[in-house]
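Labels run A, B and C following the written order; every chain starts at residue 1.
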Amino acid sequence: MSKPPRYFWIPLILSLILVPAGFWYVGWSKSGEGAGLYSRQWVPDAMFAYWNPTAFYKPVDTIVGKFEGEQCVACHTSVTPGIVKDWQASRHSHAEKKVYCSNCHGNDHQALHMPTPDICATCHATQHNQFEDEKRFGFPSHALAMERALDAKHFVDKPKAEVTACLHCHSVASKCDSCHTRHRFSAAEARRPEACITCHSGPPHPDDETYFHSKHGQLYLAQGAQWDWSKPLRKGNYPAPTCAYCHMQDGKHQVADKSIWKFGIQKINPLSSGNEIKRKQWIKLCSDCHEPEMAAKSLTALDQERKRAWDKLFQAESLLKGLRRKSLLYPSARQRPPYPGDAPDKLWPREAIGFLEGQSSAFYNVSPIERNYFEMWYFSNLGAYKGAAHGDASFVAKGHQAMELSLESIRKQAETLRTLGKTQPTNIWLNGEYTDYNREHN
Amino acid sequence: MSKPPRYFWIPLILSLILVPAGFWYVGWSKSGEGAGLYSRQWVPDAMFAYWNPTAFYKPVDTIVGKFEGEQCVACHTSVTPGIVKDWQASRHSHAEKKVYCSNCHGNDHQALHMPTPDICATCHATQHNQFEDEKRFGFPSHALAMERALDAKHFVDKPKAEVTACLHCHSVASKCDSCHTRHRFSAAEARRPEACITCHSGPPHPDDETYFHSKHGQLYLAQGAQWDWSKPLRKGNYPAPTCAYCHMQDGKHQVADKSIWKFGIQKINPLSSGNEIKRKQWIKLCSDCHEPEMAAKSLTALDQERKRAWDKLFQAESLLKGLRRKSLLYPSARQRPPYPGDAPDKLWPREAIGFLEGQSSAFYNVSPIERNYFEMWYFSNLGAYKGAAHGDASFVAKGHQAMELSLESIRKQAETLRTLGKTQPTNIWLNGEYTDYNREHN
Amino acid sequence: MSKPPRYFWIPLILSLILVPAGFWYVGWSKSGEGAGLYSRQWVPDAMFAYWNPTAFYKPVDTIVGKFEGEQCVACHTSVTPGIVKDWQASRHSHAEKKVYCSNCHGNDHQALHMPTPDICATCHATQHNQFEDEKRFGFPSHALAMERALDAKHFVDKPKAEVTACLHCHSVASKCDSCHTRHRFSAAEARRPEACITCHSGPPHPDDETYFHSKHGQLYLAQGAQWDWSKPLRKGNYPAPTCAYCHMQDGKHQVADKSIWKFGIQKINPLSSGNEIKRKQWIKLCSDCHEPEMAAKSLTALDQERKRAWDKLFQAESLLKGLRRKSLLYPSARQRPPYPGDAPDKLWPREAIGFLEGQSSAFYNVSPIERNYFEMWYFSNLGAYKGAAHGDASFVAKGHQAMELSLESIRKQAETLRTLGKTQPTNIWLNGEYTDYNREHN
């Protein structure tokens, strides 16, 4: 047996050093206050005390003393009667063993805490575990919403006012009252679409627009006030489906396992064996009311719509890749201003085009033509997808028309770049004003 | 009595040949599956089985046997309990002679059919006849929605994803459950605006936006859940009007006969004797609640708004016609790519400008300046009209500002074209990418 | 004691002549029919009979006779049953001393009048006085909405269709049924957001969008139909706040005294002693449900958002002022077409940039770069403000992104103007088409 050669030992030794070093680096970068790879560089605004209470909430020491159950209620009936009424209407106050303010907030008034998901989980372990289980399916998912958002470089670079706004919704990962509002924490409330659409609206995820424009949504709008929302989300209980009826059947707190086209952001094979199982799950669900053939045809129509969308997106990607080969994209990956903590990308910069290459970083800091593709992909494409999935024809039509226009514009820009043989001038999405703005405030 | 000259016989003989030939040609072209002049060239998507069931629905042969009334209900109570509950809540199940599933779908489970308007008409002949009666008023109308849409050439040419989306709504011609949803088929439901606005929303007919922004709509939104919707649409029964209250008074299933400005797409004489009669009908209707003078003044305000809109539109048309006279529109009618089945237009091509000349074909395949006019006319103008008609001031303001901007842009483009003496370069709306795209898929 | 010099007497004499002359001139210019400095030049549309009934309503002399109370009701039960039912459901008909039609409209049927705020004030003096009291806080305010709008020069110049639409809402100053609709005049109705948002929607004041996208608004949408709206707007009575709960606490009919950032249209010092008092009022109000710290942090977040917005706006203003110093703005103040009644500005024309200099006149009649700033300030900035104030993160993000884009565009235009050393060509916002259009119709 001969001695292993150098090309065996060198990679092995490098791995033994670099892999732990990488883990250490990521761990260190995440060890600041709050979530995300840049937690040491990104200082959140004041409201984070409530959006990520585990990391940022600091109790107010106005009242001295330790209080239990009825004592809290007695005093707060006059201080904050509204939330006491909410609690009185909740199952917490009707349980045999009542769940009092102090059970969730603690009883030392100078060291009160906000109820984090872990605290809710002491009683609602099933739901919490289902919620956490979404992490298996990667991002986007509710449970990873805050952490993965703050892993993105653009959160450190973009103007604080914009990214703080994003995180208002991403705080769903850190608190249960995004859907079950204080202090009724009602299951009935969360069964209604309004619980979801505070966040699920507008580009890139026009879920409320597309649902409310569908016949399902119109039935809800017209008649929902008369439905009995205390019933579980199960066959026969509701005259029309809501967000939760389809995506959280039987109240399951995990919405990621039935998604075929995921979130519309990448092309998938809709006929893979895994997706055939999901398809059957959908057909079974839709058959609560419709004939199975109709469900199957609707899913086929969705596949057709998706195929048409990706035909257009791939045409655009192909044009962009052609430009990249001829070095006609400015800035090239090497010319982009480095992000904070961007060591790996500085060593090995590369231009990302399309989802698989990491287009999500194309929010800004890219050439105009790449930004156009980003908008085509992230706004128009996702709008069309949601329209097709939720039964709103107008969003399909609008989204596809917008994609046609983008493709045409990308095609012309590409032609100009190839003809002139030179790159586009500096612009808003580049390292200039937009990117630099407020960097010191983040 | 002299012998009739040649110019008498030749046209006569030609007519005797060509008129029947024309009828035969149109009949043949419409004789494919589905509706429209291009039914032999345009293959619809899978969902058409439900959107135009008469032409496309094929029964599923899963269950063997013939079933009647209670048997259907017995089994479907566990298979699809929701729709059985809907039926149980309907008048169909409370009638002395119950209307069972089998009465509408047939009773051979391997040869079930979808209930088409004709089937509904066996009991609801009055409503069906009123609905069909809309055809007298031409298109746009509900009863011609599917056929006339598919008579348009652009349905064969445009990307399938877009036109399929359009037809989702145009299927109103082929099925009654666009407004009375399965399986309650409720009159009360169709009295509420949500029954209409699944389709009547967005450009070019922002009916929901303009109604819901009006005071009428705001009253509905705030209080509608408490109104008694079982009452007929008649004076004194509703605190504020809805779509159907004004447009389908007393439940009349025909909405075309009271319209003065039609759908805002052409200039009309609002003071013609026919329109004076319609005006009196409107004033009588509005006087259910308002003083007649207010109704008259509102209609005058609408006339003023329309006159201002058409002043602007005619200025734009006049500019376009000037360009056409000097052959400054590219593509000219002869240069446009022929549409499928476009024989008559190939023999005698002409540039259409404005509604009376057929501007509805200006969706695409035209010069940029003509497309600008199309958008001014079809989106901004119609938005302003709906705002004025439904009492939403903001849409009037937005629409007129948009028309000013379009007019200004058209004026400048026209000036440039006249100055340079040459036509505009190829573009998205022309025979290029957009028009060609997916032609093979249609 | 020496004789006062000439520079003492001349100004004194001039003042004694010019100040009364100025007052006389303003008084004379306002003495036309209707409100506003241009009431002699601006003839309103027909609907003003109802929007400003004090000035324009003329009774219809169809019915002869004088009628009292029950007589009106007896006849109108068949003529207009809907509004009689409304009245019967109102407190007016249940009061010990009933308020009949004739009490508000008069009893001579040939000389009926519309009930103006003064007539309502005979019983509801407290509310009317509170409403009028808003005038102390200047414009924008409800009580000055009609008059101040018609003081603006652009109302005389802009196309009538657009400005008439604006005044539909501004009529709130002239009639109480903008919020308490005929003939129920319900307090409960006005407590719901729909009473406000007929007007408070869309740019520049997207109050409905931002409220309805907030968690407060979503709770209202989902559950509001079940709340007891007869209760006063007071701590503990409502599960979530509405427009009126926060802005018209305890039913106070004056919304101007608690506003810190006013309407977002100018930068203020949020920490002035006056604003510290308002801040305490807000914290007290929010503490009806939230912990005071959360309210304080929310206000701080609002201050941060505002500071960031004004950083951007001041950068844009500074660029514009630089251009003005070098005479690179076209049209300059001297080149703009004079407004009607524009004597003072003709004597001393000046370019207005930013709010304090009167940017509100930049709707039109300005250079493109100034219009861009106007849109940045009036639409994007105000949208972001409303989002931050009402708890809708998406409007903050959208508004700030739009401001970044505007700032970038302004920066580039400024660079081009400085480089080329010449001014921009004529455009839509200038004296050309837009401004001239319809001048004769106003």
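One rule holds for everything that comes next: a contact is a pair of C-beta atoms (placed from the backbone, for glycine too) under 8 Å apart; a residue touches a chain by one contact, two chains touch by 3 or more.
Note that the coordinates shown come from a computational prediction; the quantities given were computed from them, not determined experimentally.
When the partners of chain A are compared with those of chain B, the chains appearing in both lists are C. Two copies of one chain, chain A and chain C, touch each other, and the residues they use overlap weakly: the shared fraction of interface numbers falls below half. Seen as a C-alpha superposition, chain B sits on chain C after a turn of 120°, to the nearest 5. Taking each chain's centre as the mean of its C-alpha atoms, chain A lies 38 Å from chain C. Multi-chain contact residues of chain A (touching two or more other chains) are listed as 225. Note for the complex: chain B touches chain C at residues 213-215, 218-219, 221-223, 225-226, 235-239, 287-294, 297-298, 300-301, 304-305, 308-309, 384, 387, 393-394, 396-398, 400-401, 404-405, 407-408, 411. Per the touch definition, chain B reaches chain A in the complex via residues 45-47, 49-50, 60, 62, 79-86, 159-162, 164-166, 168-169, 181, 184, 189, 192, 194-195, 197-198, 201-202, 225, 427-428, 432-434, 437-438, 441.
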